[in-house]
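All chains are identified by letter, namely A, B, C and D, in their written order; residue positions are counted from 1 within each chain.
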Amino acid sequence: MAVMSYAQAACNALASAMRADPAVVALGEDIGRGGIFGQYAGLQQEFGPERVIDAPISEAAIMGAAVGMALTGMKPVVEMRVADFALCAIDEIVNQAAKNRYMFGGQGRVPLVARLPIGIWAASAAQHSQSFEAWFAHIPGLVVVAPATPADNHALLTAALACGDPVIYMEHKMLWGMTGEVDTTATAKLGKAEIVRPGHDVTLVSWSKQVHVALEAAQLAEAKGLSVEVIDLRTLWPWDRATVLGSAARTGRALVTHEAVQAAGFGAEIAATIAEELGIPVKRVGAPRIPVGYAPTLEAAAHVPAARILDALCKLKPC
Amino acid sequence: MNNDKADRLLTLYRTMARIRAFENAAEEASRGCVAAFGSSVTGTASVRGPLHLSTGQEAVAAGVCACLDKSDYLTSTHRGHGHTLAKGADTTAMMGELFGRATGTNHGKGGSMHIADFSVGMLGANGVVAAGIPIAVGAAHSAKIRGSGQIVACFFGDGAINRGPFLEGLNWAKVYELPVLFVCEDNRYSATTATQTMTAGAGAAARAESLGIPAVSVDGNDVLAVHEAAVQLVAEIRAGFGPRLLHAVTYRVKGHVSVDPAAYRDPGEVEAALASDPLRLAATRLAALGIDVAAIDAEAKAEIDAAVAAALAAPYPPPEAAFTDIQDTGAGQWQ
Amino acid sequence: MAVMSYAQAACNALASAMRADPAVVALGEDIGRGGIFGQYAGLQQEFGPERVIDAPISEAAIMGAAVGMALTGMKPVVEMRVADFALCAIDEIVNQAAKNRYMFGGQGRVPLVARLPIGIWAASAAQHSQSFEAWFAHIPGLVVVAPATPADNHALLTAALACGDPVIYMEHKMLWGMTGEVDTTATAKLGKAEIVRPGHDVTLVSWSKQVHVALEAAQLAEAKGLSVEVIDLRTLWPWDRATVLGSAARTGRALVTHEAVQAAGFGAEIAATIAEELGIPVKRVGAPRIPVGYAPTLEAAAHVPAARILDALCKLKPC
Amino acid sequence: MNNDKADRLLTLYRTMARIRAFENAAEEASRGCVAAFGSSVTGTASVRGPLHLSTGQEAVAAGVCACLDKSDYLTSTHRGHGHTLAKGADTTAMMGELFGRATGTNHGKGGSMHIADFSVGMLGANGVVAAGIPIAVGAAHSAKIRGSGQIVACFFGDGAINRGPFLEGLNWAKVYELPVLFVCEDNRYSATTATQTMTAGAGAAARAESLGIPAVSVDGNDVLAVHEAAVQLVAEIRAGFGPRLLHAVTYRVKGHVSVDPAAYRDPGEVEAALASDPLRLAATRLAALGIDVAAIDAEAKAEIDAAVAAALAAPYPPPEAAFTDIQDTGAGQWQ
């Protein structure tokens, strides 16, 4: 086991995959110099510019080219730097990568992993702070993954590279520097959630950086005598209905929290499913439907802090 | 004309005749099929949904694809039947796809707009204008990385050169000197709009040249001219000199989709275009060499008639097929 | 009152707005010749090519230019032909149009109406059949409207043109030819739902073309003794919580149905909200998470027919 | 050099000196501000978040904006301080914005990357590369429709010419002969990448010309050269001759963002670039005319020092402001 940052863990997983399989290549802006967060550090040195491919500022072509590569025997890893810029490549993701296999009757497959970092990144305002996981969960053909820890970034990226389907892989920009123990031999199964804290009063579901906020809220709740079970969803599509519904059925109450805008966020899907399946009390805590502002006071309003989660927990079970 | 050339023309003519017969049969089978341009769906047609015919543009597909190997790749547009056939796809499977049958190239999942035959390197028609361009560039990049020697022919319309992916794809192809032949099939219309009115500057070739990509313009109704230009460009590409662009000027004889009466066009313009019909031009040349094309035409018609009959007889895909070929990860979790 | 098609109603509303306000212009591909569905018929003849502006096939520039026009005194109506092509202009919608007013501190406003026709259009397969309303409901700054009838297409388009905010206006492609009585003097308020059929056993919420399917299901349910209240949401953002929650509180059961993919669809938002607020039984019926196939048998699988709605109704209240 | 020209140079120098002072102060206030390139946020800086400095590129903003009227429009990039200042924005409000204060041009909602001052026609910096281009084109289209006589200056970087909106926007501008001056501010880098390596063909001017848009290239560090070229192009635009492009070659003296040490660059290259610093060039010329710039520099520094002091003293926007300026329809419904 080694201690690595979240960025290094991804880098390490990618390097291992590239060593094992010459079909794996990476493409994106600035990755030759390691990527601006170091998430490709050293890769061009090891694998050469043919496999760690610098791209012009052409998101549409980067994603479209990756589809063409994937159809013809490669396994491209596509860097979008922040999910907000992937909006320049949405046709390529939704109409091309996601639909190719189906539309052409299974003649081809598109084994690509698109890295679309999400989340509020300090003082980066409205165009560099968005979380779009709900969008991609809505699109047939796409797998959606959002790791919360260095260990998961290693294991889930490895699994994403192996799965053969187009994967929207959403790292969180505030986690790049987070360090943790990483077992580089550990494997993960896409679609498996993890109970990261057991409890019996309320089930609290989250993913990505917000898992850490959820854990903070669970701890605060414990002090008030509330036992909260925290689930890290890890994969948003397919999401682990069995684990979530199993836990919720046990605790009898469920709360979902995410950093993304609450309105039409992925929390709605989970809350609606729990309500449909179990008919138990359910709540959501997501961001208000406002853009992210620059000033610290404004940015704070777009965050979903532990205190708001605690409030909602106490509404589900008075505490 | 020497013997070689006559043989080549005959081969090219045969491809064109087969495309023409295919398009005619598809058009026939589509009457009343789509709600647009004031038409509404009658529900009785065999070919339903938008049908974009390449009638009158056959020389471009035939002339270019004759330079390609089966292992080479091709990407196409919404108007892709000709490219698909010329690349070597089976017309029975193609017609099956237009009819939405389980026997179709795509097992009924795509239809005309998404026709594809990966087995002959035809990576798909595309319902999004210009979307095939970056995909072609990626396939070419892959061929270069793998050292496979394959090249890619990337077809797009004159209207597509005003979309961003045209610039992004061509720039990329030149930066990495990729083995791709860009083919601008210029039929002078973009749906109901004369493309010229919406296009600044001198068009596809000039834009390619500004990116350092050599370009050649040809009469896209002269199949030999198209072919000779393509042979030269493909040779350069195979020799590793990077991307090339072919600008082939032709004419969209039919409406934008089969139900479009194209009333926005001057009938005189259409008539003039018909006079330079690519099949007619080639047939006249062959006649001058003492070759009559009637037998070829008849053969083509028979082939396509059989394809129509087979398509008609074939079953639709079973409803369960709606849930296959999507993704393995999460298969079964449809809600 | 005149009888008009859904397309004519929009055309008529737009013409009236253009007559009343020289700032209103339209731009898009093929609109000079009336648009391929006749939804701009006669407008260029009346208002000239300066105000009914033909555009190159450049969705990104069409939407981006509309933002520039809107910031400088115009009220552009932007034609995208089908919502699927608007994916080529997503940065311009989400990062530019929606965020401009906020990001620049209220210095400018973006009064544009983007027409993004949605829905399965017979035999048009995976790239011409999508319904993306949930995406836009998730984006702060955007208003989302989806008219179900010719009368509403007139009244809501008029309201959208007047509201001063960027509006994603989603007509349904299968409704272009639908005819109905249109009172061209009638007004509508964005954000107001309509109870299109009263009932007391279950509340059934829908929008766009699916409203007609919902009404069909309600009629089938009536035959089984179930009284279903059908609500046409009309505006998805802001959505009429008062009407929906009021009705659901009265009936005690709620079902949401939409044509879009169910997973992370807008139905999740409504169902989750009802569950949170009322804790009553709730269900959703949306499309499976599959692309739309071409063959009739495949296309059928992507539809949400009245029979499926009826099933769900009878699960909410045995019938 | 005649008197007129000397006066003009002096005016241009003053603008450049003010931009330089602004950038220096912003840089100073930003140390430890952003997590990238191995740095992490310390949280103590006044200017937080990504800060893209235009240090060394002042001649482009100054030379171009001196041809614009207040009513003309301007769109910018992520590197927009210079454009904003040169268009006439108040430096106190600008610095307030960088500090995220309620007194900022955007009331703290945008920060450096989204700085804007609509009151002087500055329609905004933009965090998305090339996104300003279609917006500029739309503003120019609007000006033409309204017959207002306004023109638009549209700034973008050398990296932006590889994005689709560059093609789409320029094509549109030429099709409708719109009054827009495209300015490619070529600092030879796109973040950590030497733009040349990712750019096919001869660059911005060649691409514009392929679209029928006349283009001029200038030494972007020579403020008089930039200005004279811009004067000529703007005159043509105002005369109704349609869009023009100015390609100004300069150099990005700093890292991509303020925390970027730019270690990927050859120090010799940077040193050579510093030798042709635009302020130094202009100052040398002014010195030859017997004019000393020290007073101007001091004045600029004093202005910016005051702006920093004012920004530091200003309040942050109140938390409620997070919920204003979004949309009127549905205001209050935040969930």
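One rule holds for everything that comes next: a contact is a pair of C-beta atoms (placed from the backbone, for glycine too) under 8 Å apart; a residue touches a chain by one contact, two chains touch by 3 or more.
Computed from a predicted structure; not experimentally measured.
Peer 1: Give the chains in contact with both chain A and chain B, ordered by label.
Peer 2: For chain A paired with chain B, the chains in contact with each are C, D, in label order.
Peer 1: Averaging each chain's C-alpha atoms to get its centre, pick out the one most distant from chain C.
Peer 2: So the farthest one, by centre of C-alpha atoms, is D.
Peer 1: If you average the Cα atoms of chain B and of chain D to get two centres, how far apart are those centres in Å?
Peer 2: So the centroids are 45 Å from each other.
Peer 1: Can you compute the centre-to-centre distance for chain A and chain C, using the mean CA position of each chain? Integer Å is fine.
Peer 2: The separation of the two C-alpha centroids amounts to 30 Å.
Peer 1: If you average the Cα atoms of chain A and of chain D to get two centres, how far apart are those centres in Å?
Peer 2: Result: the chain centres lie 35 Å from each other.
Peer 1: Centre to centre, by mean C-alpha position, how many angstrom separate chain C and chain D?
Peer 2: Each chain's C-alpha centroid was found; their separation is 39 Å.
Peer 1: Got the chain B residues that touch at least 2 other chains?
Peer 2: Residues 106, 108-110, 114, 126-128, 162-165, 168, 171-172, 175, 197-199, 326, 333 of chain B touch two or more partner chains.
Peer 1: Residue numbers in chain A touching 2 or more other chains?
Peer 2: 55-56, 58, 60, 84-85, 87-88, 91, 95, 102-103, 125-127, 140-141, 237, 263, 288-291, 293
Peer 1: In graph terms, nodes being chains and edges touches, is this line, ring, star, complete or other?
Peer 2: It is complete, because no pair of chains fails to touch.
Peer 1: Across the complex, what residues on chain D touch chain C?
Peer 2: 73, 75, 104-110, 114, 116-119, 123-124, 126-128, 131, 133-143, 145-146, 150, 164-165, 168-169, 171-172, 175-176, 324-330, 333
Peer 1: If we count contacts the way the header does, which residues on chain B are in touch with chain D in the complex?
Peer 2: 162-168, 170-175, 197-202, 206-207, 209-213
Peer 1: Flag every residue of chain D that touches chain A in the complex, lowest number first.
Peer 2: These residues of chain D touch chain A: 33-38, 40-41, 48-50, 97, 100-102, 106, 108-111, 113-114, 126-130, 159-160, 162-164, 190-193, 197-199, 256, 260, 264, 316-319, 321-323, 326, 333-335.
Peer 1: Where on chain A is chain B touching in the complex?
Peer 2: 25, 50-51, 53, 55-56, 58, 60-74, 76, 91-92, 95-96, 100-108, 140-143, 163-167, 190-191, 237-239, 241
Peer 1: Can you tell me which positions in chain C touch chain B when the two form their complex?
Peer 2: 29-30, 32-33, 36-38, 54-60, 84-85, 87-88, 121-128, 173-174, 176-177, 262-263, 286, 288-291, 293-298, 300-302
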